[in-house]
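In what follows, chain A forms one complex with chain B and a second complex with chain C.
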Partner chain A sequence: MDLLQQLNLPLAEAAEKEIGWNIFFYSGLVFAIVLVFATLAKKDLKNRVFTSLPTRLAEHLYLFLEGMTVNVIGPNGKKYVPFLLAIWTFIFTGNIMGLLLQATPTADWSLNIGMAVITVVYVQYEGIKANGLLGHIKHFSGPKLGGFMILVSGLIFVVEIVSECMKLVSLSLRLYGNIEGGHIVRSSLDSIIAGVPIGGLLLPIKFFTCLIQAFVWTILTCTYLSIATSHGHDDEHEGDHGHQPALTEAHA
Partner chain B sequence: MENIAIGIGLAVGIAGLGVGIGQGLAANGGLQGMARQPEAGKQINNSMLLALVFLELVFLLTFVLGFLLMGKIH
Partner chain C sequence: MNKFALLGLGAIFIIIGFVVKDQSWTRPEMFAGLQLDLGKTITNIGVFLLFIPVINMYFYVPLKEAMDARNHELESTFTEAEQLRVQMQTLKSDYEARLIKTEAEARETIQNQIKEAQNLRQQLMSEAADRADALIRSAQAEIEQEKNQTIATIRTHVVDLTLAAAQKVIGENMDSEKNRRLIAEFIETVEVAS
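Let's look at the complex of A and B:
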């Protein structure tokens, strides 16, 4: 009974008592798990046919993310897959930890906003690399307008900068709200009957949320990347013609 | 004190109602499109997920607001 009550300790209270150290420990644990998984998966890479389970899992994960990236960005989106894979693995492992252990690193807003800063800065970096610094800044001011309509371009520029900053808030808040919301619902269900963890019935849907949230972060990063790295209107149509569905099917 | 508690309940309830209807409509459109054109399923699926995510953000903003207000009850 004592153990059950300890497990059902509301996470909000636990976080208030020990500020900061929980998140370092649990995110370190996530890093360790991901590192061990990657090391195990790397061992089998030199064989012609992958036989070990971690390698096959990693292969499927890579192909899934690559298919999604090619679908959203186009054939030249393959170079962004390593970053997306890293983000996906970290968020998914962190989310899953909340189902088994007492605390989740991704249920902490500070870690999420850190990850959002990394994501947005990476998107800006790729945008500058693709269009040059001036081209990237011009990207914010919308379509080319002549005459005194240039005032409207300035307005669009300001709005775009604000929306760029709001990406930080929306990315981090989405993950935080989903994971922490699940924990709050779980702990309030648990407190209906003392000692009986009814909230455990929520495990399947919480697992689904973990999967979806990791997926959502990567697909949003893909969308931001495809907006930031597109080259104006003429090249966009070229990109559409170059988009070959056969390419994705060959990998699936 | 009670006003805040009633307000949190109302806010989360109404937001859940609206977002539920909105997400249902979005999923309805996406699934119908996928049933009519299975070959475009992957792209429709991606766009539908994006739409669902942006709708869900409205609810999450309300949720976080309620969570912040909950600290004022004690």
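Let's look at the complex of A and C:
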């Protein structure tokens, strides 16, 4: 049973354009573009002042991600920058590729789920590292409750586990929906007048979407890391970590 | 996690993805509209597991090291500048202290020199006055001596003249030695009286 076909959503039509396993050509292209960018950026690293554009962009990207981790997680969050840098560069480059080429890895839900799996597993791994296995599992049951209220803890535990699983769906579908949705809208606009690419007018908005989606994925990862590792930090910050992720999730 | 372990794990996932790609369970019918292919998901997990350590080693680590080195260099430059500023401040304070000390020493030396000059002047004046007194005393003694000598000479001449006059007045019966003594006694008496 295909739920989307049953609902008769436009996404069902998009399925006809599936390029199958050729998507890994585009995935490899993302890999290559990032490596070329890294190579160009590294050329100027020996200088005292970074003057070349790629190096300055890399520096700003690093500072942006570092600032984001420090703001969301705290000073302890700097160690997650390498992972977030990988996520951000992969998603952003993949998204941007969709503006110029016919396909993009981030418009394939299967690939996005792969990245979401790695993100969620990484968050759990860091949570276990920060709190220990038992501490991390206890973390899912919410605050300590006594008496018959322990049933509520059990309920919270189940809800939290489901919530963790749903992070896979929320992360991957959000990216997939935005990028693939953008492609569909552009194709639809292009088909209004044959031969006139009206959809090109959407490029600035799509570029903005590419940027925002890369940002959303990374900031949500920061938020998940903050929640998962919060008990490993100072207790005095516990309250902050408990509230900020919810706010960030709401904004996202 | 170890970077090489991630690379190995990524390669394993890619192989698994390609191995299972044509199996029916990888394409759940429920998500056919969304083109879910778990084979691609597994392969992409592998690709991304390769991507993370490669980007980390090839891009993140050199970038971080360069930025840290630059920050370190800036910090050391600022520290050095601060140290130089403190050193300059210390040198300035030392210089000012030495200047004040030198000025005080110079002032003291000048005062001492003035005092010494005044003492020398006083001493010279005192010596000059003593020498002048001595000269005056010496001149007075000499004058006194000359006066006494002159008086004695005059007295001799007066005695001689008186004797000569008396010889002429009294005649030849008088002993010249005896007359000479009488006249001398007379003159002594006259001098004492005067």
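One rule holds in what follows: the second predicted complex is superposed on the first by the 213 of 252 C-alpha atoms of A that agree within 3 Å, B and C clash if a C-alpha of one lies under 4 Å from a C-alpha of the other, contacts with A are read in each partner's own complex, and residues count from 1 in each chain.
Here is the rule we use: a contact is a pair of C-beta atoms (placed from the backbone, for glycine too) under 8 Å apart; a residue touches a chain by one contact, two chains touch by 3 or more.
The shown structure was predicted, so the numbers you read here are calculated from the model rather than taken from an experiment.
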item	value
Chain B versus chain C as contact partner of A:S110, first or second or both or neither	second
Which of chain B and chain C A:N178 touches, first, second, both or neither	first
Chain B versus chain C as contact partner of A:V72, first or second or both or neither	first
Which superposed partner A:V216 touches (first chain B, second chain C, both, neither)	first
Of chain C and chain B, partner touching more chain A residues	C
First (chain B), second (chain C), both or neither touched by A:F90	second
First, second, both or neither for A:L189, with chain B first and chain C second	neither
Common interface residues of chain A - those touching chain B in one complex and chain C in the other	176
Complex contact set, residues of chain C against chain A	1, 21, 29-38, 40-45, 47-52, 54-56, 58-60, 62-64, 66-67, 70, 73
Residue ranges of chain A in contact with chain C within the complex	1-5, 9, 11-12, 15, 18, 21, 23-24, 27-28, 31, 34-35, 38, 41-42, 45-46, 48, 58-59, 62, 81-83, 85-86, 89-90, 105, 108-111, 113-115, 117-118, 125, 176
Touching residues on chain A, where the partner in the complex is chain B	67-68, 71-72, 170, 173-174, 176-178, 180-181, 184, 215-216, 219-220, 223, 248
Chain A-facing residues of chain B, complex	42-43, 46, 49-50, 53, 56-57, 60-61, 63-64, 67
